[in-house]
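Okay, so chain A shows up in both of these, paired with chain B first and chain C after.
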Partner chain A sequence: MRRLLPIYMVEARAAVQRQAQYRGAAFISVLGFLIEPIVYLIVWRTVAEQAGPINGYGVDQFTSYYIVWTLVRVFNLALAPGAWDWWVRTGRIANDLLHPVNPYHRQLASMAGAKVVWITLWIPVAVFLTILFRPDFSPNLLEGSVFLITAWAGYVIRFNVLWLLGLVSFWTTRAQALIEVVIAMELLLSGRLVPMAVMPSWVQTVSGWLPFKWTFQFPIEVLIGQLTTGEIWRGMAMQALWMGLSGLAIVAVWRNAIRKFTAVGT
Partner chain B sequence: MNRLTHSIKVALVHWKLGAEYEVQYRMNFVLQIVQSAVRLATGIIAIQLVFGFTTQLGGWTEPELYAVLGIHVLLGGIMATFILPNMFSFMYEVREGELDFALMRPVDSQMFISTRQLGFWSVVDIIVGIVVLGWAFAELAETIGPVDLVLFGIGLICGALILYSVWMAFTTTAFWLIDTDDMATIITGLYDAGRWPIRIYPLWLQGALTAVVPLGVAITVPAEAITDRLTPTAMGTLILVTVVAVTASRAYWQYGVRNYSGASA
Partner chain C sequence: MPSVVVDGLTKTFKVPVREEGFLNSLKSLVHRTYRNVEAVRDISFTLDPGEVVGFLGPNGAGKTTTLKMLSGLLYPTAGHASVIGFDPSERRPEFLTRVALIMGNRNSLMWDLPVADSLDVRKAIYSIGDADYRARRERFTEMLDVGDLLTKPVRNLSLGERMKVEILAALLPAPPVLFLDEPTLGLDLSMQKRIRRFVAAYAEDEGATILLTSHYMADVTALCERVIVIHRGSKLFDGDLSELSDRFGALKTITVSVTGSLPDLSGYATVTERTADKAVLSLPRGEVAGVASRLLANLDVLDLSIEDPPIEDVIERTFASGDEEPSVTATPE
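Moving on to the complex of A and B:
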């Protein structure tokens, strides 16, 4: 771990500098990711206005939920698994395999560093959304600190899950259908589409045992104060569990995946 | 006119070749069905969730929202089949310096770069969209008259033209900006915003989805034609936006080509 820390720092710093160079592109990218929650926010505010609060979520709660959603989305952005197809098929991964450090560490650190710029660019968007929708929540310092821990943990879990999914490209060049299935599962079971409280109870139970909820809904609810202290501890334990499980799965699958890879360079 | 006829003939040859190439990979058909089914299921679940708590959303009933979903899937299928493969191919060629080969051809350059590729298996999305629309039509049959059908048809054509023009305008910026992937994210996001009727959005967002990036109006107005809520103003706006989008994207492309100096070695 001590050996990896300087590498993480260098990769993260390089990513910050890279993203800072292309501020315009990064801002457009952040804007692009924010359209989705704004649409959900408007739809569910409309429903709550018409039907009243839904399992503890009224207009104010939906508003707070989806505005924090935008921050969590920036936090948990990870390498798209579709990129692996090109990376493996074209043999470009051969360059990364020559490095003395596993590409997992370099990419995890690089994406984490890029977030420093993305989060900075997110601030004006958040101000705009706050003025427009006037969310009613005021987190204290403790909630803010716990949120930061859970948001970073959510990023690591999501990064791991998508990395595992990307590794499928070592066996097939037609992983897109599988990727779409997993992304759809994430959409429905993570709180990305709607807070799980809106879902039927059996769906809520299932989502509690899968990794997705711990990357989206959990950090959001920590910040908007929807959880008790006990629920926060349990949630953090689930995050630790999923970080461990997904990390072990990556070690196992990567070893097999890399044996499948052959490349002829020029 | 001869030039246009010639360009259409070239486009048809490209599509025929594209289809023949793609049918070699039949497994892709199965995978496309899985992808289309997942996307459709997600759209249906979102609507079902909303109508689990209310009987209408901003005045739109459940079958009416299925009409919007059907148009969204149908136009999305047209986009994935005819528009996106060509736009991504164009962006790649600008980046790699290969566009010169396309610009040198003795056909209209915009027509040529817009019709070379065909995402053949995305036709599945077009079929799925038609099926969803068919179901919505059956549910709304009592309120749909012949005039509504004609206006719906015109609305769909306008919608497809707007989609093409928006993508064309955005990809033309590849002449100046090398990395246009971020813009593709925005267009995709705005297109997904059209999955719901734009009339439920605040005025600033309705305005943006009508006048700035008119992807919302491209989907909502055809849906209004078959849900008994189309106004002459809305139809007029759609036609005006279509004319402006097609003309402006054409002018922008010609400006881009005039200023393009090539990048190949």
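Moving on to the complex of A and C:
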């Protein structure tokens, strides 16, 4: 770990520099990430206004949920699914495989560093959304601190899941179809499309045992104060479990994946 | 003890067979056939510490595949390699820290940031101490004359400038084993010379073992006494460059100038060029002494020189011999 810390620091710093250099493009990217939740917000506010609260979610709850969603989204952005395919297919990954540090660490650090810029750029968008929709929640310092921990943990879980999917690219350079299936599952089972409370109870049960919910809905609920202390502890335990499981899976798959590397395109 | 030991190294790629036509495409949905492509076949050689060896072969011969196996990028299908005591396929961090593979025309630096930032990242990745980092960076910067490039973003550099800083970055950890794959590809002559000089100086200063592939024979003749030639994945030759000329450069040339007009010299050897007072003859090396003596005795010779054929011709003949007879026995060291 002592050896990895300077690498994480320097990679994160370089990512900040890269993003800062193209701040206009970064801002447009952040706006792009935020269109999705704003659409959900408008749709579900309209539904709640016309049909009344759904399983405890009224206009205020939906508003708070999706505004925090925008921040969680910036936190849990991980390596774009298509990037892996490109990385392996063009052979660019060969450069990273020549280094004595697993590219996982460099990418994890790099994406984390980029978030410093993205979160900075998110602030004016959040202010605008808050003025426009007036969400009704006021987190205290403890909730804010726990949120930061759960949001970063959510990032690591999501990064690991996408990294595992990306490793499929070592067997086939056309892993995009599989990635799209998993992204669709995430959309439905994470609270990304809609809070899980609105879904049927069996879907909620399934989502509780999968990693997706712990990357989206859980950090959101922590910040908007919808969870009891017990639920927060249980959620953090689930996050730790999924970080551990996905980490172990990456170690196991990586050993085999690297043997399949054909270094095409180099 | 050799730095690099390669023993029966083989790499076979399994590739799908794609037959043309719509029906064959449909057929491949349910039944896919594959064929094996042997990129490297049973190659063996050793490199001693401090040796700089040319690794030659036509495109597709298996040079880069071999280098990738030796640097831990590709897992061999059969055989074994040992590089400074490590099995490259295990990819241990201690091994990856001490071996560098530099591929010409490839960019491994951070495209949008100044070169110096990429160097800082290398320092962290390779755990280079502050003092070593400063000393090497300063020394290599001076040797490669890239001082003014360090503050420029990589994307703003020319191909030659980028290659120089790529080499600088790759050598910051001072690897004792260096695999160079076409390091001067696409560079102009002066840039090629500068990179050759740097590689020679690095090999001498650090005592590094270097395996170099290049299609520019000037790289090979300037840096390597020994060459290994492979063709279609198999080794054709392993020995001194001069020995390669002896073996495959079967013809030599005699250039002769005379006073007055030149008589018909076709009785001596094949005349490849001719002017009024000068001719170039091509003949088997075994006949050189006799023909030269006869020319000196029979003509009023102003000047006479005997030369080996250009190394490019020798290499071409070596590859051609591989086409005719793929299993030419390699010369033992």
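Just so it is clear, the second predicted complex is superposed on the first by the 263 of 266 C-alpha atoms of A that agree within 3 Å, B and C clash if a C-alpha of one lies under 4 Å from a C-alpha of the other, contacts with A are read in each partner's own complex, and residues count from 1 in each chain.
Note that a residue touches a chain if its C-beta (ideal position, glycine included) is under 8 Å from a C-beta of that chain, and two chains touch if they have at least 3 such contacts.
It should be emphasised that the depicted structure is a prediction, and the values quoted were computed from it without experimental measurement.
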Just chain B (first), just chain C (second), both, or neither: which does A:184 touch? first
Should A:47 be classified as contacting the first partner (chain B), the second (chain C), both, or neither? first
A:11 in the overlay: touching chain B, chain C, both, or neither? Say first, second, both or neither. second
What is the contact status of A:193 with respect to chain B (first) and chain C (second): first, second, both, or neither? first
Applying the touch criterion given at the start, work out whether A:259 contacts chain B, chain C, both or neither, answering first, second, both or neither. second
Which partner, once the models are overlaid, touches more of chain A's residues, chain C or chain B? B
Contacts for A:33 in the overlay, against chain B (first) and chain C (second): which applies, first, second, both or neither? first
Can A:22 be said to touch chain B (first), chain C (second), both, or neither? both
Partner chain in contact with A:174 - chain B first, chain C second, else both or neither: first
Across the two complexes, find the residues of chain A that touch chain B and also touch chain C. 22
Chain B residues touching chain A - in the complex, by the definition given at the top: 27-28, 31-32, 34-35, 38-39, 41-42, 45-46, 49-50, 53-54, 56-58, 177, 179, 182-183, 185-186, 188-190, 192-193, 195-196, 200-202, 205
Which residues of chain A touch chain B in the complex? 22, 25-26, 28-29, 31-36, 38-39, 42-43, 46-47, 50-51, 54, 132, 174, 176-177, 180-181, 184, 187-188, 193-194, 198-199
Per the contact definition, I'd like the list of chain A residues that touch chain C in the complex. 3, 6-7, 9-11, 14, 17-18, 21-22, 94-95, 97-101, 106, 258-263, 266
Could you pull out which chain C residues touch chain A in their complex? 13, 64, 68, 71-75, 89, 91, 93-97, 100-101, 103, 106-108, 110, 112-113, 117, 120-121, 123-127
